[in-house]
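A short worksheet on the structure shown next.
Chains: A, B and C, in written order; residue numbering restarts at 1 for each.
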């Protein structure tokens, strides 16, 4: 086991019926790190996060969190162990109010102690969440819902924050705001795993980033490689990249 | 052996298996006493109903709770037209004249029932085949309710709350077996037809099938109408077996029985439908005879009454939980060991 | 023709059906399960009353609640939980099997003869207010119905578990990913549904004094129709649908002569089909923000 890894994924495999979605994926995340996972559509990024959260079954391998295997856990147990997921497409509860959505974030908290303090800091980070307390969450814009989803996850005071494509469907200025918030979260000391299609942004932001394609990890890159289109294309599309003109992200 | 040879052999087994089972059961029935023989005939007719439900639900993946409506329509129409005209006029005074004054022989009533069943299914199918899953289940359940309500209360066409009496009991071993075999052959011919294959494609993945141009609602409607005709036909054979029929006999309990047989046998294959029908009938027969007191291999026992319903329901629950694809595991009959 | 009389009676019957419908709606919300066996919960309560004939009402009432809730929890644990991820149609078939099983067990144990339930006989008495003849049970039904509906509402909107239940009904997967213990929420829903069914049963007794194996079937199916027509997805429309069905049923029975009543069933079933085809979210529900079923 990698020394003091918070999250250790070892040879994780997932199949949907006969179709392999994740093949033998291994990587580790240390406390305080920000790790990115990028890759084209269908690479298995969401499957990987679902697998870690135990929302989908494994056909092989293991995931260890703080040294404990997650193999026999249910998703709610994983959440209560300290991993908070910000799902793809936000997936907030549209018929419930913003305030109610936030309260649901606290279900997985391990201690109620600093709740008020966390609530205050979350509202400071995302003012919209404080302003629209009583509004049905479904009426918020995409960007606001994304902020709500992150706020909700933070209220669980997780040891590991996991985000699935936080920039999906958002306008560039909104994406900036989201990443700024993530930066503040990182500076507060949280461990973050961020899964994205927008490779450039993520690679520049994270401490290190894995490239996932076709269910496998192809390579590991650092922030310095953000401008290196060649390297990315090779990782995304395999050896033969002669026909590619633009790197995968939209 | 060539591919074509293999596929012909498979077809022969898939069709021949169920038919062979029916024929052997028919032969076995001759060994027993009259009352048990009648149970075999009963089993064949009900299995024909199961096959008719399979033609729609098995191929489309949409569960229908309402097929016994078609059985009821077939049974009632065959029953009403089989009654002697004089008796009919005396007992059911309010009938429409064309029902009151006419009498049909055995085979014409069977054909009439099939036609009516098919027509009814076609009409209600036009809106209903658009529904999926849960909605379809509820809607077809509602159809069952409507059918029963109308048949029970519309005294111009039906006997009301009374049973239709004195229907010619023309269903013996031969008619029951032939009826079932006819249904099996028709079901098999349908599932091998282009329309049937297209419908089966939608069962696994609706979106994908639509993507390649399958017109789902059209294919479903064809299957629904065909299965309605078969169910009506089975209903007519049924009334000729029982000699009478009342609305309660073709309502919830029969619906449950047919559905249970389909689930136990396996909803996705013809073999499942036939196997389920005959095996559950067998269990049912043993249980009901046991309730009366029977001796099996010299061992006398008597089961408490109404056990059969309980056992059947428990059996269905167990199958749903442990082996959802049924006894047949969703596959057609194949001789073990062959390719 | 005393319309006020009919109206009051209809409101009372509507209240009872609203209680049953709310239970059905709660279960559908947390599990996406349409329980064809829901009526059998009332049947079980009815036979409990028959079996405890002569005992003190202070014992019988809690006992009925206990038995009905126990049955509801057994259904959930044994028959429904294992199928939680199966298709809705499979679950529907399973509930059908459970219904058939329970009715047959009752048939075996007590035969199809009606058995007297004998409780709250005093409620059948009536008092006169001018032209109206109001039975005590009518007032109690409306009162108890209102109280229970309010209680469930407070539970859902003012407690943590109630919030979690609404979250599960909205999106079970995400609720689970947030740490909500699904099993606990489902069990709680079944307990509440059981209590509501028991209450409805107890108040049905004065107007339907005997219990048969099919006792629950008629009530259950009618309540189910109400839920489907009102709107399965949300509790308020579902409950109101139940109320409307009970209300309409009572009014039709009071207003129409016998000959014309007989096709009421067909009309109701027909309404179900029309709603499913044209307005699947139900008559009393606004379009959802996200697509469902």
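Here is the rule we go by: a residue touches a chain if its C-beta (ideal position, glycine included) is under 8 Å from a C-beta of that chain, and two chains touch if they have at least 3 such contacts.
Predicted model, so just to flag it, every value in this text is computed and none were measured.
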Legend entry - Partner chains shared by chain A and chain B (touch criterion as defined above): C
Legend entry - Per-chain CA centroid nearest to the all-protein CA mean: C
Inset, instruction - Have a look and report which chain pair racks up the highest count of C-beta pairs in contact. - result: B-C
Legend entry - Remotest chain, chain A as reference, centres from CA atoms: B
Legend entry - Length of the line joining the C-alpha centres of chain A and chain B, rounded to whole Å: 53
Legend entry - Mean-CA-position distance for chain C and chain A (Å): 43
Inset, instruction - Find the geometric centre of each of chain B and chain C from their Cα atoms only, then give the gap between the two centres in Å, rounded to an integer. - result: 32
Inset, instruction - Would you pull the chain C residues touching chain A in the complex into a rising list? - result: 160, 163-164, 166-167, 170-171, 173-182, 234, 288-290
Legend entry - Residue ranges of chain B touching chain C (in the complex, touch as defined): 62-63, 65, 127-128, 130-131, 133-139, 142-143, 145-146, 149-150, 153, 252-253, 256, 259-260, 263, 304-307, 309-310, 312-314, 316-317, 320-321, 324
Inset, instruction - Flag every residue of chain C that touches chain B in the complex, lowest number first. - result: 32, 34, 79, 82-83, 86-90, 92-94, 96-98, 100-101, 103-105, 107-108, 217, 221, 225, 228, 262-263, 265-266, 269-270, 272-273, 276-277, 280, 293
Legend entry - In the complex, chain A residues that touch chain C: 53, 55, 74-76, 79-80, 84-85, 87, 91, 93-96, 100, 103-105, 107-108, 136, 138, 152, 156
